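Listed next: structures, encoded as structure tokens.
In what comes next, subunit A is part of two complexes: it sits with subunit B in the first one and with subunit C in the second one.
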Partner chain A sequence: MEQFVMIFTSTGRLTTSPTPRVCGVVSSGNLEVLVESGDAENSCRIDVSTPAEGFRDIWKAVLNDFVERQPVGGLHVTINDAGATPAVVSLRLDQAIDAFRSERP
Partner chain B sequence: MNKPSINTPIWDRERSNCKNRRERGAALANGREVAADDIIRLLETIIEPGDRVCIEGNNQKQADFLAKSLVKTDPALVRDLHLVQSVLALPEHVDLIEQGQVSLIDFSFSGQQAGRLATLVEQGRIKIGAIHTYLELFGRYFVDLTPKVALIAAQMADREGNLYTGPNTEDTPAIVEATAFKNGIVIAQVNEVVDKLPRVDIPADWVDFFVKAPTPHYIEPLFTRDPAQITEIQILMAMIAIKGLYAEYGITSLNHGIGFDTAAIELLLPTYAAELGLKGKICTHWALNPHPTLIPAIEAGFVQSVHSFGSEVGMENYIAARPDIFFVGQDGSMRSNRAFSQAAGHYACDLFIGSTLQIDMGGNSSTATKGRISGFGGAPNMGSDARGRRHASPAWLRAGREGRGSNSMPRGQKLVAQIVETSREHMQPAFVERLDAWDLAESAGMELPPVMIYGEDLTHIITEEGIAHLVRCQNPEEREQAIRGVAGYTQAGLARDKRMVENLRDRGIVQYPQDLGIDKRMATRDLLAARSIRDLVRASGGLYNPPNHFRNW
Partner chain C sequence: MNSKTVNYFEASARTRITCLVDTDSFAEICPPHFRHTSPHLARLNAPVAFDDGVIVGRATVAGHSVLIASQEGKFNGGAVGEVHGAKLRGLMERALDERPVAVLLLVDSGGVRLHEANAGLIAISELMRAVLRTQAAGIPVFALIGGSCGAFGGMGIVSRLCAEVVISEQGRLGLSGPEVIETVKGVEEFDSRDRALVWRITGGKLRRAQGEATHLVDEDVHSFRSKTAQLLGAYAEEKLKPAGLAGLTEIQRQLAERTESYAEARDGRIIFQVSGFTDLEAVALMPIDAFNRQLGEAL
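The block that comes next holds the complex of A and B.
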């Protein structure tokens, strides 16, 4: 089990939704993503909890691309991983942002 | 008249030897029929030391009773055998080697016995002549590896010894033809002996003996994939394949490899491909086993013809009810033929697409891993350019123009694609700098690393990141970056030259989903034409009868 926090600068911002959104499920090869409003406006905080140890560099690359791709400033993302591949992680993150985006206050 | 001199050549030694064997066997038989209890003695009586023996083992049908009986023969009598067969799939095949009754093997595929085989090779207890592709081995049956004794499997025999091999005819005609016409002995195990066969697949005068096996021969449902296990990533890759490859080239004739990645494509034809207006324009003619996951596409009218290497357990009634699609005899059951379907896949199909375990930066791919000698099967026959092909089609001509340039002699090229998720479970990368095949070749003393598809034949790679049109690359550097450009977060992918990959994207050589107008969010299981085995049964109108372990309702 490995847990870590990564904080990225992101100037892009969503019209944030009032309710936190969850995407995915915690089953083998999958993951659960929680998106909610964060504390700092121009940064995105991502908490990762994963059973696989020693893949910090790959997480960093996957999350870097995610932050570059999506307007995530001011968000707090929590990832509860159950051994998902990077492809699944990227897909779920995008889906979670979409779900968050679609619900307008 | 002169008496024949001592130097007069004798031209029928082999025939005389075969006749002697047949006569020795006849003492144990009633006509051509042998009782199950006498089969071990028959094998000991007929087989001579040093014989080339083929124990029919295809990737589905297995002459399992004859294999088990051969293992029980006296090693003092039955020894120094040279096994020449498609598949070393049964534990008995390897038991025979362990008992020291086999000195040499030539084969194509070893499946579940890959680990034991590698151990025996490393211990020096067995020599491998070569690991072949199916067509290559069948070819050698008619040149320098003709079986002396063939132990085959059929569904039924009549009293004369005519055989009905039915939907799972598979390799039987190729084996029997080589053996029976070159002074060999053919022994068949059958499930039933009947007065009248539904049809004759193998005539009695090509068969020397048959035995009713105590239990029906085993058939592996190798090509059944439960749609419930198809992931969103596989659905995304299938969307990329359909839009970026099938629609792009207008591919009508094709072969799909085994696996969930291609099953996803089959299940997206009636939904995603139909929405794109591709019905009748792609995937009309197939060299393919009767995949249950193709049922919805057939029912939707996508498919015009399917010729099969073998059958698939549970598909018999569905096939029989669709004779316009499948190759069905007047008796109502399908006839498969591995040799012909492999030839069709090689020469008559525009596309081969399959999955693999590893791809290197030259585009070579392999399923070999250290400690497992798994062999090739048929993929290399279909996953290689058919240089002898002379008939044109739009897809083949276009690939040829892209791959060979415009200033050479006009010529087409086979489309050969690999579809893989960049990382498998436990983060095993599909993209590597060096194939494990090199280590295997070294440890097993092979002359060549066992490569399934050579880079020079590979035209496309599809991953969840996108599609690489390798056929459009101008030089090896571009190819390498195109491969890295779809290799995701593997080390090989992270080592890409980002600027060069962007250049390849601008030129349409690397395409990501957004470049193809694919919305990744649409990649959900809602897009599958069937989401479970039960859905497949329903789509077939109740004609598909899945094996019990695929039933969960």
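The block that comes next holds the complex of A and C.
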């Protein structure tokens, strides 16, 4: 398992601050994403735990795109990966943000 | 989400809960951000899940209070580890304090999580005892089975301890799974790749015909919900009650009898025959309501 933390600057913020949300399942080729409120207002902290070692540059690229795409300032995102492809990671991250935005589970 | 269009087999453990209970009524206990993950998997350097593969909480179904647990079959085959098992057992113990109308177990599991060895085995045995204790206190436990992993190993036993077993045709219930039997006894004994055979031996229709399952429902979550709501109504009005010691002893006697009478049966076909189905080829294609009608007439 490879574990690392990446911190990104992001000034965009979600207007609501609802309860933590989880999206996806830890199964082969999939991942789960937990989104909750973080400590720092203008940054987004992302914790990654992945069984595929040596892909940190690709993670950085995928997460960079995500941070540019979504208003994630003040959020703490935690990822339990089980070998998902970059496209699946991007999809789950967006789904998790959508779930975090909405009032309903 | 419209529960009529959601397929129970395909749905995730969380979606099953959302579609089964009354809108916005679910409150999760030990939610994912508590991060109660498995210490055993972490030690083995294997991926962990925030909820350790089971979601527990309280909700209402058609206005009836329930405690509910849903296993995620896609995380390690829904297998029961130490944390996973403790969440299930804790839910049963909570039922004794809160006295809901019933506890719902959305089973989707191959049994004990072998990575966790004794801790998993102990968790399952504690769960069995907790189910019996909860039912002895007059609170029924319902097993709902319709996920890809079915209900096998320890979770097969737990399911059969439950007052009601609601299963879909896709659902499977058994002790040793087909692959395990094939590995141990050889392909001549059980060909696990023969899907028709697997379902004739462990599938929902066969289990309903045998009486191992108490109700057979359609594949959509709505069918599971309406059957559950109907049963909750009956238990709330005390038209139905979980079996006491005398009832369990009688069931045990009937099971012993059944073991003898089916001792020579090598295939599920004979069970369908005894249950009154004449056209055995048609059983697999029979719609659920027609199957239930036929069974109602035969039993």
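Going forward, the second predicted complex is superposed on the first by the 102 of 105 C-alpha atoms of A that agree within 3 Å, B and C clash if a C-alpha of one lies under 4 Å from a C-alpha of the other, contacts with A are read in each partner's own complex, and residues count from 1 in each chain.
We take it that a contact is a pair of C-beta atoms (placed from the backbone, for glycine too) under 8 Å apart; a residue touches a chain by one contact, two chains touch by 3 or more.
All values reported here derive from a predicted model rather than from experimental measurement.
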item: Touching partner for A:Pro51 - first (subunit B), second (subunit C), both, neither; value: second
item: Touching partner for A:Val26 - first (subunit B), second (subunit C), both, neither; value: second
item: Which superposed partner A:Val88 touches (first subunit B, second subunit C, both, neither); value: first
item: Shared subunit A surface residues [contacts with subunit B and with subunit C]; value: none
item: Interfacial residue positions of subunit A with respect to subunit B in the complex; value: 29, 52, 55, 58, 61-62, 83, 85-88, 91, 94-95, 98
item: Residues of subunit C defined as touching subunit A within the complex; value: 12-14, 18, 24, 26, 31-33, 45-51, 72, 74-75
item: Contacting residues of subunit B [partner subunit A, same complex]; value: 231-233, 236, 421-427, 464-465, 488-489, 494, 520-521, 523
item: Subunit C-facing residues of subunit A, complex; value: 1, 20, 22, 25-27, 30, 32, 34, 36, 49, 51, 78, 80-82, 104-105
